[in-house]
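Here is the structure we will look at.
Which chain is which? They are A, B, C and D, in the order written, and residues in each are numbered from 1.
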């Protein structure tokens, strides 16, 4: 059991949760979180937002029952954390961009600790959040779009490595744009499939890839955009 | 939705909960409490411990999942209250005794506001609680027993009316003692059957009585000891 | 305006929200908390020809997102119902369903005949109190009869056939999820002239007290209801709706408007709400409001647009 | 000392805690989190003769105290299992159960024969990797075969009979709660020479996306598991245990020691834990500890004292 240090609302329905006690993790990895005993049944996968010594942070949006329960956590409350899980981001080469749609921005903050000069594209549908933090975290540029399509702001040919994370339609669009732009960049998508075990044992998080089935939790959540078969 | 004013531990596992907002109630009645949305499924029946203007109080012991969730309530938390339900205590005649076993003492505190001179018998298995409060609340005597059998301290022939509340075996013993003692008192038991609807519609709280089935929630929870068929 | 109106066998339902048998008494208790005339209908506590005491011992036990009950059809008997409750029912402006159980075929038939006769007399006087008979061949909580009739289609056929002949009231048959073949059972009901089927009753289930080393229930097994069973109930309603042309009344764990819409999309004409009444005393009011909101928001003007869409 | 030892068809189980098929992979993943050699046994992911891709689309959906899955028997095929996993399995000091599915009787038989042959070769070399075959005629998530065989006893009999002849390994048959008559099904398995039955697999169930107006799952229905179904599973295990003399492996929603004890009291020889592995990564360790505590506290020295006590 870990302990909640703070749980602050940073925008309507968006919270930054700091927890004391963790087992580390690389950029792009996630934890399975649980702030209840028996109900709801499954734990919730949440990306690492930041890590420092014995504190781990998460950035989450209230999307349903589980995250709603997270939102009611207070300092000192117990929370169960299992992880880190997933492959995480590979070390990039050359000029790098992070493109986050909505809460999909979460994993890039921690990634900037390693890739300090990446350009960051943040797309929000209504309220923006964490923009200042991102500006401080990178020596590259930060582009923000509210209510539009963040992908339109990105020149796929201007980068050697592009990481993307966001809703499913956005990631599908990333794949299409990669083809249309003829970009030679290595382009990654971080998927948010529904999960149960989180460690590769149950096969419910399956991702259809060009070379067969992969597991979002263990082989992913980060995949090359070109290998995923979007439905 | 009512609001928690305070929720204080008065003995190991025993809490006194004050809630703002209620619909009144007579002595011996109960409310159905719910401090969660969907899980656990059913609300929990809890007796009125005290009422003053817009504040209602409950005294409960942590017995399982639901009461455990009550125990984590903090000032300002919302809680749903439906009630008051049940018949409550009839106005007694003559010399009156209240006999409570364990958390069964709860309904008598509020009853003392009306029957100010009753003798009170409080039986606890290990830790005692609320004894001082009871002493202040009555002009009669307060007898306390810890670890023994509280019924042994009571002379059933010394009273005109006796109210009892406590675990099932104790109430069964009340019935036997009534017969053995030949007491002419009106002797009541307050039953704690499992409930679902709380208002007399579902028949799951059925009490076998000498003249047929009755409902603990609507016809009770208070019955004449002699009319109940204990199993 | 959203139109929530539904019809089964010529009987009007203002909306698809019907309160399920055994969870709503005969409506009296809940009527203290909201206007039950706003409901689509109510199915009264299960009746048998003769009064029944019901089961001894513990009758309810909570399970994860569900509950077990072992009421055992405690009820005052058909005659007492007709004498004591019908004067209230005749004033209700909603679909009134009598839920009828029995221990033997003869009991079922006699019960149905009594209700039928009473109804004809009342109708003559313009004070009808019952619109539909819901034949309960699916109660898992009684030793004789009850569910025994609801397991095998051949056994059930005889009950349905005879009750069908004993009444001119619209007849719907309440099916058990414990049936060997619930789809075949529903098809049989249609063949035998039932005007509809309702499903599901509770699942036969068990809880053991590991300290006392015995079943929590005197009757060994009990009936499981509530949100826990909803996914199975929905599948069964979908299967049955595909297989019959008579109206299907869907139920099992319904607790919000989304649940209702799911059952309608699966093919149900109206739905019933049971256990959720215990969660929210004003379940009927709340669900109706939620349902209207959903339809406005999703731009659905009538349930016919989405019924059986899957 | 408490004795948790159990036996099925001569195969030893250190304790009654077996991990259920499809929820524990082939053991590799969970082995990173605790010593799986402390378990009673494991049942591997369901295999079919040929590799299977499994289902497209959403494969999991949470329900109140349960979950729906639609994995669709994704697996590498029997041969790949024998080549890739068995070298690890031969080192496991627990009961190793192969869960075998199929689309046709021929596939079942060929799969069983392959496992049998491989096992005989290994046994000769003293490096056995499989102790029991668990015949899965109950998967609700595949179109052809799978559960189709598990609904009617007559259909299932043929599969069981032929697989029985194709292997000399102990055979247990995994039953579906969707079976028309689960007790008759179990009795049939006993007649056909199965050494045991395991139950229950998941319930066929449904979830509709009311906004998209379609099933959440491409395969329409999915399988319900978890605490929600435990009361029904327990009843079925009790019924089946009363009806057969071969060992019964009980499962369905087990999440704590009390649940385990209930299934044992209902007659199960050992139990399986499925969905709870997702709730607690170290479910095996936790349950074993809880079970030992319970037995000490209740002064039970062997599970034989309480097995089938109801």
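Going forward, contacts are C-beta pairs under 8 Å (C-beta built on N, C-alpha and C of every residue); 3 or more make two chains touch, one makes a residue touch a chain.
These numbers were taken from a predicted model, which means no experiment stands behind them.
Enquirer: In the chain contact graph, what is the shortest path length, in steps, from chain C to chain D?
Expert: Shortest path length, in steps: 1.
Enquirer: Suppose chain B were not there; which sets of chains would still be joined by touching?
Expert: In the absence of chain B, as far as touching goes, the chains form one piece.
Enquirer: Looking at CA centres, what chain is most distant from chain A?
Expert: If we average the C-alpha coordinates per chain, B ends up farthest from chain A.
Enquirer: Tally the contacting C-beta pairs at the B-D interface and at the A-D interface, and name the larger one.
Expert: A-D
Enquirer: Just how far, in Å, is the C-alpha centre of chain C from the one of chain A?
Expert: Chain centres of chain A and chain C, defined by C-alpha means, are spaced 47 Å apart.
Enquirer: Can you give the whole-Å distance between the Cα centres of chain B and chain C?
Expert: Distance between chain centres, rounded to whole Å: 35 Å.
Enquirer: For chain A, jot down the residues that touch at least 2 other chains.
Expert: 38-40
Enquirer: Residues of chain D that contact two or more other chains, please.
Expert: 64-66, 226-227
Enquirer: Mind listing the chain C positions that touch chain A in their complex?
Expert: 64-65
Enquirer: Taking the complex as given, what residues does chain B use to touch chain D?
Expert: Touching chain D from chain B are residues 38-39.
Enquirer: If you look only at chain A, which of its residues touch chain D in the complex?
Expert: On the chain A side, the touching residues are 38-43, 82, 194-206, 208, 212-213, 218, 231.
Enquirer: Spell out the part of chain C that touches chain D in their complex, as residue ranges.
Expert: 63-66, 68, 180-181, 203-208, 210-211, 213-215, 221-222, 224, 226-232, 234-235, 238, 253, 258, 261-262, 265-266, 294, 298, 306, 309-310
Enquirer: What does chain C use to touch chain B in their complex?
Expert: Checking each residue of chain C against chain B gives 22-25, 29-30, 32-33, 45, 53-54, 56-62, 64-67, 69, 71, 74, 226-227, 255, 275, 277-279, 281.
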